[in-house]
Amino acid sequence: MIIRPHKSSLQLLFVWHGSILRRILPQLGIVFVISVFCVLATPWWAHLFPGEVLNLQPFTLMGLALAIFLGFRNSVSYNRFWEARQHWGSLLINARSLTRQVLSLVSPLHADCRRHMVNGQIAFAHSLRHQLRNDDAQADLDRLLPAEVAARIGSARFKPAMLLLWLGETASQAHRHGWISDLQLQSMDRSLCTLSEVVGACERIAGTPIPYTYHVLLNRTVMVYCLLLPMALSSSIGWLTPLISTFIAYTFFGLDEIGEEIADPFGVQPNDLALGAICHTIETSLREMLDDGDALPLEPEPRHFVLH
Amino acid sequence: MIIRPHKSSLQLLFVWHGSILRRILPQLGIVFVISVFCVLATPWWAHLFPGEVLNLQPFTLMGLALAIFLGFRNSVSYNRFWEARQHWGSLLINARSLTRQVLSLVSPLHADCRRHMVNGQIAFAHSLRHQLRNDDAQADLDRLLPAEVAARIGSARFKPAMLLLWLGETASQAHRHGWISDLQLQSMDRSLCTLSEVVGACERIAGTPIPYTYHVLLNRTVMVYCLLLPMALSSSIGWLTPLISTFIAYTFFGLDEIGEEIADPFGVQPNDLALGAICHTIETSLREMLDDGDALPLEPEPRHFVLH
Amino acid sequence: MIIRPHKSSLQLLFVWHGSILRRILPQLGIVFVISVFCVLATPWWAHLFPGEVLNLQPFTLMGLALAIFLGFRNSVSYNRFWEARQHWGSLLINARSLTRQVLSLVSPLHADCRRHMVNGQIAFAHSLRHQLRNDDAQADLDRLLPAEVAARIGSARFKPAMLLLWLGETASQAHRHGWISDLQLQSMDRSLCTLSEVVGACERIAGTPIPYTYHVLLNRTVMVYCLLLPMALSSSIGWLTPLISTFIAYTFFGLDEIGEEIADPFGVQPNDLALGAICHTIETSLREMLDDGDALPLEPEPRHFVLH
Amino acid sequence: MIIRPHKSSLQLLFVWHGSILRRILPQLGIVFVISVFCVLATPWWAHLFPGEVLNLQPFTLMGLALAIFLGFRNSVSYNRFWEARQHWGSLLINARSLTRQVLSLVSPLHADCRRHMVNGQIAFAHSLRHQLRNDDAQADLDRLLPAEVAARIGSARFKPAMLLLWLGETASQAHRHGWISDLQLQSMDRSLCTLSEVVGACERIAGTPIPYTYHVLLNRTVMVYCLLLPMALSSSIGWLTPLISTFIAYTFFGLDEIGEEIADPFGVQPNDLALGAICHTIETSLREMLDDGDALPLEPEPRHFVLH
Amino acid sequence: MIIRPHKSSLQLLFVWHGSILRRILPQLGIVFVISVFCVLATPWWAHLFPGEVLNLQPFTLMGLALAIFLGFRNSVSYNRFWEARQHWGSLLINARSLTRQVLSLVSPLHADCRRHMVNGQIAFAHSLRHQLRNDDAQADLDRLLPAEVAARIGSARFKPAMLLLWLGETASQAHRHGWISDLQLQSMDRSLCTLSEVVGACERIAGTPIPYTYHVLLNRTVMVYCLLLPMALSSSIGWLTPLISTFIAYTFFGLDEIGEEIADPFGVQPNDLALGAICHTIETSLREMLDDGDALPLEPEPRHFVLH
C-alpha cells in the first residue's frame, strides 16, 4: 500500500500500529515478563548453580545464523514486493501502449472496436486484481464489458487469461475487416503477450511462497534467541535488562513480521500493494486517452488512512 | 513444492519433520552426546592440561568463513529455485500466448490443427517435467498426441525439443495451407523460441550443480564448527551446553540442508517445485481456452500433504 | 544531482553541508550533550546502583539488526536512484533512435512532420520532468509544440502519456500520407513503446516508496542505538566518550539520511538526479541532429553550485 | 566441470584432492609449522617481552576487510561462472531454435542447405570451445564443413565470427533462391544475432579478468591473516593452536582458491565448465533433429573422473 | 585495463605499485608515525589520565558502518566497471552482427556502401572511446571516413550519435536504391538502436558518479578509523602496534582506492578498461570480415606494461 498522500506522522503511526506493532505485542510482552523474572531470579540461581551462568558469547554465534536468515528473508521478501510492483507497472505501461496503438491505428469510425479494446484492458486490470485477492470480479466485468462477454468471462476459472483471449479475438476481427494491417495486428499481439506475462508473473508470485522451511527455521531461531536473551543479559546489566531485551526483541520480531507481510504483496494489509489505487490510475489514464465523454472515476477513498 | 492449500500448522510440521529435521537428526544427536561428554570431562581436562582450554574466540574467526559460505550457498540455492520457477512460469505464459495466437488466427474450421497445437503444448509441459525427473513420459504423450507422433517423440533422446520441432512443422504446414499468414507464422515461431529457452534453461539448472568444491568446503566447516563448539562452551556455561550447542547446530545444519534441497529444484522433496501442480494449471488453462467440451482434469492429490 | 563539473572540494563541502550535515546536526548535538552528561554522571550512578552498568555487549546484538536494516535500505535506495537514472538514460537513447529513424526515413520535404516529431520528444522529456517534480510544464509545452496541441496536452492529467499519443498520431498520419512504410511505422511504434516504459517506470518509482514500516523500524533502531551508546561508552573510555560517540552517530545518521535522500531520486536536493541537466542534454543532442538552424540552448546554470 | 554422473564420494574426494587441496597444501604446511613454533616459543617470548603479546582482537578488525574481499570475490567469481554457463546454455537453445526454423521452413528437397546450416552450428560450438581454450579447431572444422569452407574458416583469427558470417551467407543464398521468405530470413538472422552475442560474451568473460588489484589485496590479506593467527592463538589455547589455526587457514585458502578457479570458467580444471560435454549435447540434439542417418557421437569419456 | 598478456608477477607488482600503493603510501606513513608515537606515549598517558584509555570495543561498532560503506562502494564500483565492459562487449557483438547483415545482404557490387557501413562502425567505436576520455577523435575519423563526412562529424558535439545518424542515412539510401529490402533495413535499424544504447549507457556511467556524499562519508570513516586505531592497539599489543595497524590501514585504504579507481572505468589508470585494446579487436574483427585486402592494424603496444 502507498500511503504517500497521508504523510502526517500521527496517522502513519496509527497505521503502523494497526499492522506490525499490534501483531508483535504478545511476543514483546512475553520477553518483557521473562526479563523481569530473570533479573529477580539471578541472585537465587547464582547461589544454587554457581558457574552455570549464561553469558552473551553464544548469542554472537547464534547471531551469525540469524543474520543470514533475516537478511536473506528480508531481501527476498522485498524483491517479491518490488517484482510484483514492477509487473503492475508493466501492466499500466502496456495498457497505455496498446491503447495508443488502437487509437492511432483504428479509425474513429469504428468507435465500438476502440471502446471494446480499451475497456477490455481496464476490465483486465480489475479482474487480475480480484483474482489475486480472491474477490468477485463480476461487478467490474458487468460495468465495462458487453453483457454476453461479461457472462462468459465471469464463469471462467482463469478470467484474465480469457479476457486476453477475447481482446485477441477482437483485434483479429478488426484485422479481418481490414481496419488494421497484418503488421499492426502483430504489434498489438506483442502488447497482449506482455500483458499475458504480467498475469503469469503475478500468479507465480502469489502461488509460490518462500519455501516454508525457511519460515520455520527463521521463526524458531528468532524465538529462541529472544527468549534466552534476558537470561544472559540479566547477569550482566541487571535492571536495564527488561528495557534492552524488549527493544532488541522489537527489532527482530518487527523485521520478521514486515518480511512476512510484504512477501505476499497482493494482500490488503497496510504494507501491501495498493492494487485498487493502481487500477484506478490505469482506468483514469486509459479513459483520458479514449476521451469518451464519460466522467472520470472518483479518487479511491482510503480506509483507516490506507489505500487498498 | 507449494503447500499453500494445506496451511494447518500440524500438517506442515509433519511435512517439515519428514524432510529436513529427519535428515539432520543424526548430526544433532552426535552434537548432543559430545556436549554431555564435554561437560563431564571439563574438570578432569582442566586438571590434566591447565591452560589448554578452548574458548569461544576462534569460533568468531571460523564464523567469518562460515557466514560467507552459508550466505553464498543460501542465496545461490534460492536463486536456482526461483529461476527454475520463473522458467516454468514463462512456460505457462507462453503456452497461453501461443494458444491465444492459434485460437484467434486459425479459423475454427481447422479444428484438428487447433487441437494439435494446444495439446502439443500440454504434452510439451508434461514431457519436460518427466525429463527433469527422469520419469517415463509415454503415458502423457499417448494421451495427448496422435499415435504415430507419440511413438516418434517417445523414442527420442530430447523429447521436449522434438515436440517443439513437431509444433513448428504443424505451424509451418498451416502456413503452407494458407491458414495463417507469413507474419502470423513468425509470431508463433517467436513463442516457440521462448518455449525452447525454457527447455534449455531447465536443462542447464538440472545439469550444472553448484561447484562440488563449495559443497565439500561448506560441509566440513559446518561439521568441524559444530563438533568443536561443545568443547568451548562447556568451560564457560556448564550444563547449559547441551541445550545451546544443539540449538546452534540445529540452525546451521538446517540452513545447510535446506540449501542443498532447493539447489536442485526439480526433485520430489517437500521443498522442491510442484511441477505436477504447475503442469495441471497449464493443462486446465489451455483446455479452458480451447473449450473442447472434454471434462477438465481433476485437481492433483497431495501425497503426505505435499503436492509434487 | 551530478556535481561533476564543480569538483573543487570547498564548494562540494559547502554543498554537502547544505544537504546532509545540516539536517543531522540536531541529532548529533543531542548525542554530544548526552555523552557529556553520561561521563559526569558515571561515578554518581556507579555509587548508587552498583552492578547496574550498561556495557557494550548489547550493542553488538543490536548492531546485527542495524546492519541488516542499514545495508538493506542503503542498497534499495541506491537501486532506486540508479534505476531512475537508467530510465532517463533510456529516454535519451530512445529519443535519439526515434530521431534517427525520423530523419533517415521521412524525406526533408516534410519538414513540419520532422520538426513535430523531434520537438514533441523534447517536450515529452520536459513534461515528464515537470510531472515528477510537480512543476508547471506549460512554458516548455508552449515553446516546443503547436499552440492547439500545447493547450490540449497542458490540460491533461497524464501529460507525458498524452504526448506519446500525439506522437503516435503524427507518425500514423505520416504513414497514411505514404511518407513512411508500414514497417517503418512499426519501428517508430517500438521506440514510442520504450518511451512509454520510461514514463511508467518513473511513475512507479515516484509513487511507490520503500514500505514505510522499514523507515519507522530503521529510524527507531538508529535513534535508540545512538542515544544509549554514550551510557555504555562512558564507563569504559571516560572523557573520550563525546568524541567517539558523536562520530559513530555521525556515520549512522549520515547513512540513514543519504539513504532517505536518494530513495526519492526525483527531488531537487543536491544528491538527487539532475533532471534539468539531462533534459538539456536531450534537447541539445536532438536539435543538433535535426540541425534546424536555431541556436542551441544555453548550458544550465548551477544554483548554489548544484545542477538541478 | 559437471561431475554429476560420478557421484561416488571416493572418486569426488579424489577429484577434489587433485584440484584444490593439493594446491593449498604448501600454505597449510607453513601455517602448521608456524603454529608449532609459536606454541613452543610462547613462554620464552612472554618472559622476554612482557606485555607485548598479540591477542585475537586485531583479527576481528582484519576480519572485516577479509570478509568484504572474500565475499566479493566469491560472488563475482561465481557470477562469471554462471554467466558463462548461461551463455553456453543460450548457445544450445538458439542452435535448436535455428535448426527448428531451418527444418520446418526449408523444404527437405534442399538437403544440402539444411545439412550445411545444422553442421555449421555444430562446428560453431566446437570452434568457440577451441578458441576459449586456445586449442586447434581444425579437426572439428574438417569433420563438419565442406573442405574449402573449413580451410577459409581455419585460417581466420576470429573463427566463430567467420562461421556466423558463412551461416548468414548460406541463409541469404537460400533466400535468393526463393527457398525461404524475407520474413523467415529475418527470423534466422535474429537467431544468428543471438549466437553472435554468445561469442561476444564469452570473449568478454575470458578477456576481462577481475581487476588484478583485488587479487593482490586479497592474497596478501589472507596470507598475513593466516600467518599471524598462530601467534595470537598460542597464548590463548596452547597446544590446540596447530589444529585450529590449520583448519581456519584451510577454509580461507580453500575459499580463495575455489574463487580463483571458477573466475576463469573456460579452463580444464575440475571445477570449470565441461565445454566438451556441452558441445556433445549440442551435437547430439541437433543431429537427432536433423535425423540424417549417421550414428550419433559417443558419450564423452571422463578423464580422471572429470568431464572436460 | 586488462593485463592478461603480461602476467609475470614482477611487472604486475610494478604496475600495481604504480597505481594503488603509490597513492596510499602517504596515509600509510601517517598511520605508522602515529602508531610509534602512541606506543611511546602510552605509559605517560596512563599515568596522567588513569581510566581514560581507548580500547578496541568502539572499533567493532564503527566497523559496522565501515563494513556497510566499503561493501556497498565496492560492489557498486565493480558493477559500474562490469556494466561498462558489457556495453563495450555489446558494441563488438552488434558491430559484428551489423557487418554480417551488411555483407550477406548488400551485394559485393556496391563495394562503397559496404565499406562505408563497416568503416563507419569502426569510426564509431573510436569516437566513443575518444569522447569518454576527452581525447581528439579527428585522426581516427579522417582515417576511416570520407573527407566531408569526417569534417561534419568532427565538428559535432555528440560525435557518436551523429555517426549513427550517418550510418542510418547510408542504410536508408541503400534501401532507396533497392539494394536492401524494407525488412532488411529494419534489421539494420535494430542493430543501430543497440549501438545507440551503448552510447547512452556509457554516457550515463561517465556522467553520473556514485553520489558524492557516499564518497565523503566513506573517506572520513576510514580516515578516523585508521587514525584512532593505533591509540586503541598500543595499550593492548605494545610494539606490535605499528606493524598491525599499518597493515589494517593498508587493506582499508587499498579497498577504498581500488573502489574509487574502477568506479570511473573509462580512465587510463591501470585498473580501468583497456578501451584502446577493445577498439583494436573491433577494428581487426570487422576488417577480417570485410576482407578488404588492407593489412590488419598492428597489436596495440602496452605502455609501462599496461594496455590502455
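A, B, C, D and E label the chains in the order they appear, each numbered from 1.
By definition in this document, a residue touches a chain if its C-beta (ideal position, glycine included) is under 8 Å from a C-beta of that chain, and two chains touch if they have at least 3 such contacts.
Labels paired with UniProt names: A, B, C, D, E = Bestrophin.
Here the structure is a predicted model, which means the values were calculated and not measured.
Annotation: the chain A:chain B pair of sequence copies touches via predominantly different residues, less than half of the used numbers being shared. Look at where the CA atoms of chain D average out and do the same for chain E: the two points lie 24 Å apart. Chain A and chain D have centres, each the mean of its CA atoms, that are 39 Å apart. For chain C, the set of residues that touch two or more other chains comprises 60, 66-67, 71, 183, 186.
If you sketch which chains touch which, the chains form one closed loop in which each chain touches exactly two neighbours.
Think of the chains as beads on a loop: from chain A toward chain C, the beads read A, C, E, D, B.
Contact residues on chain C toward chain A in their complex (touch as defined above): 49, 51-55, 57-58, 60-62, 64-69, 71-72, 76, 156-158, 161-162, 164-165, 168-169, 171-172, 182-183, 185-186, 189, 192-193, 196-197, 199-201, 203-204, 207-209, 211-214, 216-217, 221, 224, 228.
Those residues of chain D whose C-beta lies close enough to touch chain B in the complex are 2-4, 12, 15-16, 19-20, 56, 59-60, 63, 66-67, 70-71, 74-75, 78, 81, 85-86, 89-90, 92-93, 96-97, 100-101, 103-105, 181, 183-184, 186-187, 191, 229, 233, 236-240, 244, 247-248, 251-252, 254-255, 258, 261-262, 270-271, 273, 284-285, 288-289, 296.
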